[in-house]
Amino acid sequence: MNLDWTVAWQYRFMLAEGVLVTVLLTVFTMAIAVPGGIVVMLARQSRFAPLRMAGTAYVEFFRNLPLILLVYWAFYVLPMIVDIQLSPFATGLVALCLNVSAYNAETFRAGVNSIRRGQHNAGLALGMSQWQVMGRIVLPQAVRRILPVLASTWVSLFKDTSLVSVIAVGDLAHNALQIRSQTFRVLEMLTVMAAIYWCLGYPQAKLVDWMHRRFGVSE
Amino acid sequence: MTAYARIGAGTQPVIVYHEVVKRYGSFTALDRVSGQVNRGEVVCLIGPSGSGKSTLLRCTNALEPFDGGRVLFDGVELPRAESEARHVRRRMGMVFQNFELFPHMTALDNVAVGRVTVLGEAKAAARKRARSLLAKVGLSDKEASYPATLSGGQQQRVAIARALAMDPEVMLFDEPTSALDPETIGEVLNVMKQLADEGMTMVVVTHEMTFARRVGNWIIVFDHGRIVEEGPPAQIFDRPREQRTKDFFSHLGWGG
Amino acid sequence: MDFDFSPVVTNWRFLASGLVLTIVLALASMTGATLVGTAVGIARHYGPRWLGLVLALYIDSMRAIPVLVVLVLPMIVDIQLSPFATGLVALTAHLGAYVAEIVRAGIASIRPGQTRAALALGMSRVQVVRKIVLPQAIVRMLPAYGSILSITIKDTAIATVIAVPELMRQSETIAAQSFRPLEVFTTTMLVFFLLLFPVTRGVDAVYRRVQHLGRS
């Protein structure tokens, strides 16, 4: 078997572009899904029952759905319903945001609920308002519990962006697989793709471990 | 020199500590500790927290490897190899501060598990024995209960029954009442008193001075990894010789 | 807009065969991942240091690389495996790493006092692990293990990229043939949800019932 690793160098710009798209997708999705998650969480804690149910239904539905199916659905079905043509990138972004917002909503809810009721009462007893209690007592404590989980979600998201390659978004996975089928350099391109993902993902995974050790709360 | 004749004096001691040393990094937990436990004795180890009492207890059945000296059990030096340590451990019963009952087993199976897994006894026979031991500690009605549903005092009594199930020659108690609510301490101490009255050889690490004085035959006072002084309860509690023993008692608000 | 669910209805056998394969692949992968993960997790906790480092590299690599990449990676070796077998191997390797982490964390969460108590009874190291540590660790692992189960089912859908004829793949085929992606994909969504929701809830319910068995 003769191997030709120069193929990776030859297509370096296409690979770099793929990495850029992968990173941008991750950043944009998180930037939208954090506020998105907060909105859904607040909806679930609303005093208005229908809003509460809608929030719960949203979270349960999207957490119990394969992301790749959501990507296909957003690509083929969404344009038929809302009647606008989105670019593949925007379509992928929508699918990822719908998914990650649901996970974030759960993370935020768990983080806020983990702060004991006594802390809340202690704040109120000092004469603080509900909002002050939320802002000064509950949230600062909750952040420590939320951050590590959010970091785990980030790494999952980074990897999950590869799924949008099935709708021809030019991310790393898509571009690498494209080069593979153009050049028939299967072994080389698959290895290079895995290696690039590894180099990008491994430090992130380690960083998450560190955050869990640093901020993690053992019950 | 005391004129007090120690129980079991003149016979071969069950446990002998000879210059035992244990270090954790630069911290010396046991500093050349020597002493002995005779058959039929109730030896109480007292002293401030972190003075080495519990460490010595864990060295006794080789749960804690030590750095120097020797421990003899029944005249034989404790083996260093894990596989042989088992044979010594099964001859000593141990009771822990946090009970350490196995949460996935009923009270009855907690007591029977040692006989089944270690002695290879049939389950039915082991359970029969376990039943009689639960009766002995006054918990016949709790045999089907899981530890999570028992009070602290009940859990500790099950733990004592579990240790007794192995027919041990010695019972080691590591602060058995420290994690208990005040109202349940009595029921555990009563079981221990009953054991002592039956002639069981016991080594008890405790902060219960009343128990040590009433039930103990020999008191060893620890401080900073060393034995400060030892003797019969009458001597230690009423006429302590060492200033550090007196300091320890006055910290507890004991005596005057 | 008019709906036409007839492609779903007429091809229900084809889709159902995909659903069966989804379930079979998920169960097989989960079984494989449990075996691999338990062995790796135990070896990492109790094994020698060098072995722990090697296994940590395996686990962290699997956490760093997307499932999609792991699924296509077996193509680099020149062995002809069926798509199903390839998917099974890849998912087992990938999920096994996650199970290993759960097993290790479960073992590490059992207080050392439990081991000490069992040793004090005279049990051997192997007996301590089998009779005392693992039974409790398994209870504590249940919630995380349950979420791995639902992740597994979701990951089987990604096996569509290597042409495993599971539910996702079959749905794509019908959607493309009938030009009715809305009806087909919406139906598939509902089927996946109905499959996954009870799993998630069921694991939670089981855990609540056995929780106390792991609380030492």
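Odds and ends about this structure:
The letters A, B and C name the chains in turn, as written, and every chain counts its residues from 1.
Everything that follows uses one rule, which is that contacts are C-beta pairs under 8 Å (C-beta built on N, C-alpha and C of every residue); 3 or more make two chains touch, one makes a residue touch a chain.
Note that the structure is predicted; figures quoted are calculated from it, not measured.
Of all chains present, the one whose mean CA position sits nearest the global mean of protein CA atoms is C.
Centroid distances built from C-alpha atoms place A farthest away from subunit B. Centroids built from CA atoms put subunit C at 20 Å from subunit A. Between the CA-based centres of subunit A and subunit B the separation comes to 54 Å, rounded to the whole angstrom.
Between subunit B and subunit C, the centres computed from C-alpha atoms are 46 Å apart.
Residue positions of subunit B touching 2 or more other chains: none. On the side of subunit B, the complex with subunit C involves touching residues 58, 61, 63, 82-83, 85-87, 89-94, 96, 98, 100-104, 113-114, 117-118, 146-149, 159, 162-163, 166, 172.
For subunit A in complex with subunit C, the touching residues are 1, 60-61, 63-70, 72-73, 76-77, 80-81, 155, 159-163, 165-166, 173, 177, 186-187, 190-191, 193-194, 197-198, 200-202, 204-206.
For subunit C in complex with subunit B, the touching residues are 111, 113-114, 116-125, 127, 131-132, 135-136, 139, 212-216. If you check the complex, the residues on subunit C that touch subunit A are 1, 60-61, 63-69, 72-73, 75-76, 78, 150, 153-158, 160-161, 168, 171-172, 175, 181-182, 185-186, 188-189, 192-193, 196-197, 200.
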